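Order of writing sets the labels: A, B, C and D. Residues in every chain begin at 1.
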Amino acid sequence: MSLPPLLTGVVPPVCTPLTPDLEVDTASLTRLVDHLVAGGVDGLFVLGSSSEAAYLPDGHRRRVVETVVAHVGGQLPVLAGAIDMTALRVLDHAHTARAAGADGIVVTAPFYTRTHPAEIVRHYRLVAERAQLPVLAYDLPVSVHSKLDARLVLALAAEGVLAGLKDSSGDEAGLRRVLMGRRALPGPPSFSVLTGSELTVDSAFAMGADGVVPGLGNVDPHGYVRLARLCRAGDWAGARTEQERLAALFRIVDEGDPARIGGSSSGLGAFKAALHLRGVIDCPVTAAPQLPLTEDEVKRIGKHLASAGLL
Amino acid sequence: MSLPPLLTGVVPPVCTPLTPDLEVDTASLTRLVDHLVAGGVDGLFVLGSSSEAAYLPDGHRRRVVETVVAHVGGQLPVLAGAIDMTALRVLDHAHTARAAGADGIVVTAPFYTRTHPAEIVRHYRLVAERAQLPVLAYDLPVSVHSKLDARLVLALAAEGVLAGLKDSSGDEAGLRRVLMGRRALPGPPSFSVLTGSELTVDSAFAMGADGVVPGLGNVDPHGYVRLARLCRAGDWAGARTEQERLAALFRIVDEGDPARIGGSSSGLGAFKAALHLRGVIDCPVTAAPQLPLTEDEVKRIGKHLASAGLL
Amino acid sequence: MSLPPLLTGVVPPVCTPLTPDLEVDTASLTRLVDHLVAGGVDGLFVLGSSSEAAYLPDGHRRRVVETVVAHVGGQLPVLAGAIDMTALRVLDHAHTARAAGADGIVVTAPFYTRTHPAEIVRHYRLVAERAQLPVLAYDLPVSVHSKLDARLVLALAAEGVLAGLKDSSGDEAGLRRVLMGRRALPGPPSFSVLTGSELTVDSAFAMGADGVVPGLGNVDPHGYVRLARLCRAGDWAGARTEQERLAALFRIVDEGDPARIGGSSSGLGAFKAALHLRGVIDCPVTAAPQLPLTEDEVKRIGKHLASAGLL
Amino acid sequence: MSLPPLLTGVVPPVCTPLTPDLEVDTASLTRLVDHLVAGGVDGLFVLGSSSEAAYLPDGHRRRVVETVVAHVGGQLPVLAGAIDMTALRVLDHAHTARAAGADGIVVTAPFYTRTHPAEIVRHYRLVAERAQLPVLAYDLPVSVHSKLDARLVLALAAEGVLAGLKDSSGDEAGLRRVLMGRRALPGPPSFSVLTGSELTVDSAFAMGADGVVPGLGNVDPHGYVRLARLCRAGDWAGARTEQERLAALFRIVDEGDPARIGGSSSGLGAFKAALHLRGVIDCPVTAAPQLPLTEDEVKRIGKHLASAGLL
């Protein structure tokens, strides 16, 4: 399968189940993929932030992308995160993704370094030139500590450098600017815009976004698939109801131990705890050095799942 | 050579000379090492931020540490940066460093992730447990986006997890807290404190720091060696004069293209341009996607070198 | 006129026209009020950020609120910003607003200080206790450097401390949390939620927001009034078209001198230049020390107004 | 008394004692001034951040500056903070200070607004033009959220706009740049550089700073006066010992309730609690909405005072 000209719908960032000794649990991973496919998703995104990519050594990363691509067997497009500090390091991950058969890569601006916009442009050009795979820009200021400006993204789209954008910036005005600006791109639509803001998916679709990459979609893929269908059908009242149900469920992330709220481990731990409670994965452990959830947190997550009818 | 119980003096972060097609220029690299050794430095730090570690793929990183350790042949301790997002990824770099014969590794807190202090503690414990090399903490908030608290550092020192600190935070009050606190550590002094703030080296020594890791030391190692000697001799007036001379020379970094000031590429480009003008390295290119300096910038750097008597 | 239980619709933050020597131009101010009222707005918000409140000394502030309240004569509710660092200073402005006859005040969390959430709660309680006017919280992290958490806002709403929220944070997921949470408040709806994000008004209404406080509404009040009506009528396709037209017009702010983009003076200058070009105010000057727009910037603004049919 | 051409030595930011109902306690205030004068300080700085200026309404502010200037009666120069968002508001405070007889004002860059460097220059020019008092720039990025660049400060010094700098940025490399740069200013030395970093005073003096504005100087003025004398005498070993004693005492700020560490109220509360325990002021209350210290915090402060020989 190769990437469709326009990637649309629900493309969850696939969690990476681990064994108690922090190896990739490939059996749980394929079970999770089956769970997502059964939920009706339109594509898969491995090795993103919700996949704990930042915590996985290269060997783990390779195993994840190989396992998922092989298991999916071309039913659905598979995007792979190529998350690293700068272009040459990103390209090493791109080559692994390509060798494994992924259909596209998702790439942030440089991080750790302090990088000027003109250097961000060079970064994406270099990656796109050499990756031999479509490149989606990943806008995640909370991790990368810079924001991709709409004009920069649109210029790279017009050049053919970028095949799409995964916007996890939470800046909906910026998302609108990209969506309005891409109408001026030449040729048939071929620049995909996916939101990573899982609590405002109806808004993003209403503005013209093509799809969503919801971390919570690991837990409730059916919900996000329903939401996307309602949005495409223009049933905005129905979409709002479904989105609000999912927003209520998202409290599994918010209502963790206050000491950990705001840290990444709260959300990643909650998704995995929920997948474990739902019987999808064998072990809810998150990668080092993240703290495990407390028993109380897991109990609260169980209650939220129950009231959402997911247990 | 193994790491001395207390690493002291001048330990420059060694720049990584590249060929025009962005491969490691090992001939220039060994020439640069000779230049530093001739300058009287007390140790070498490869694969730090000034070495463009964030820009170098793993193959380049391995070649750098192997080349330098082999060339130094045990004359001086060699520290290697193990710069990556989280513990398991850091450990892959630690293993390469150890295999190459490095004497210690330098490790930041997790980045890209949002990590709580308790998780930073776990991160360092895990790295120290498995690295089989002494671990120095690298405090660099401008890149890592979190600050290592003095109490956290001291607790890890007391536990034996950390062998030292490279403090590039610019927070001199925090540095003082660490220096005062380490006197209470049990046993003979074995926790090295090095400052990475190259314009306040006299202050750091006056507070009790053991040494300095100056990026500008690539360009003028003799200057920093003189400065360290004056500090150790308690000749604070002499130290101030030497430090001010070096601070004036540091303007090669500041007076770059205003469009790039504040970005990392300005400083890294200036150090390499100066090394090239001084005939130490063959090619001043910096790693992708950094913008090269303009001709005007290089000219200004030449003038500063000339007035410092370095051309 | 007193504040209705639920403030809804378009409540523009009224620009503060100044004379060339930086006094309040009351003639232009009343003309601007007439222009807004003629545009069909539902209320007025004086002394907000778009009113340059941060630049106006107390005498100017008093004159603004007195002039507008007197001129409006009870036709519409008038909110007044009470923008200052902490509670006791805010209360001085609250008393001026009350004496002038304003119907409510809009108050940020403390700024300049570093203030804990529990102290933010105390701040609003104290202001509400003593102001003798309804208090709306003003969430503006770009100025205040802290974000009002949805739970904190809802708790203060439940207590009766807050009468509403003006959310200019750009965090639409947070806005949704407030909107979902307020349904659980006891009694008939009496907590107004207004968005200050003028490019995503349709999204905010679709989530259940009551109204909008658009800076650009100074320039094109009719447009925002139409947008609000379309939203209330559930005509989301029509609303999107109107919102996109306004988003295109908003480029008067974005396409200023790149040297100033991101700074406040770009937006404030653009609104005033547009009001001057449209003949509403006599002089486009912004308060010291903001730089005036360049001639080129003003020309570009003129072109945008012309293509929007506003010249 | 007017400001000396070069203000030197210890100029503590005078705490503002309040009554239990949050009025200015003028009796305690004059007692605090006597305590500081008896300690040998060289000047007083009222209405700074440590004075809780951000929490004091204009009436309180006026009473403070009038009380202190009258009580000092010209024995020492008195600087007054004119802390507000922008130039015209600052000027209102400047006029009050001048009417009360203060010898100079201390002024930050604009805050709350987003202001470009060229606008910061305009801000200081306008304030200096109209204030009819010498103006010291106050660099406090933790409150103002922008940093005063050394070049900007030196340019304004060369123009005669600024009479000095109070550097509370914690950026000692930047401080060094200012100190080196001011030697090139024409005429006899007339630009005072004071550090607000109370834990690195010896470093600042060693670099050439003229004095220090230590919050902790309220509690132990004799200590800072000794420290300044040792620095001026070039007794750097003695200075370090005294500075380390004061740094240990500073733990009254650090060891507060962890929930409040990092917030301003922890430090302000500690200084006042210590002044109360030492019998200098009648009531340790801090201004609203700051949380009071807990009993445990006050006990710990008492222990630190005791071990410093101050109880």
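As a working rule, a residue touches a chain if its C-beta (ideal position, glycine included) is under 8 Å from a C-beta of that chain, and two chains touch if they have at least 3 such contacts.
Given the structure is predicted, the values throughout are model-derived calculations rather than measurements.
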Review point. Compared with chain A, which chain's mean CA position is the farthest off?
Key: D
Check your understanding: Where the CA atoms of chain A average out and where those of chain D average out, how many Å apart are those spots?
Key -> 49
**Study point:** Distance between the centres, which are taken as Cα means, of chain D and chain B, whole angstrom
**Key:** 35
Practice item. Pull out all the chain pairs that touch, please. Key: A-B, A-C, B-D, C-D
Practice item. Show which residues of chain C lie in contact with chain A when the two form their complex. Key: 170-173, 176-177, 180, 197, 199-200, 202-203, 206-207, 234, 236-237, 240, 244, 247-248
Study note, to complete from the structure: Residue positions on chain D within touch of chain C in the complex are 22, 54-58, 60, 83, 85-89, 91-92, 110-116, 118-123, 125-126, 142-145, 259-260, 262-265, 287-291
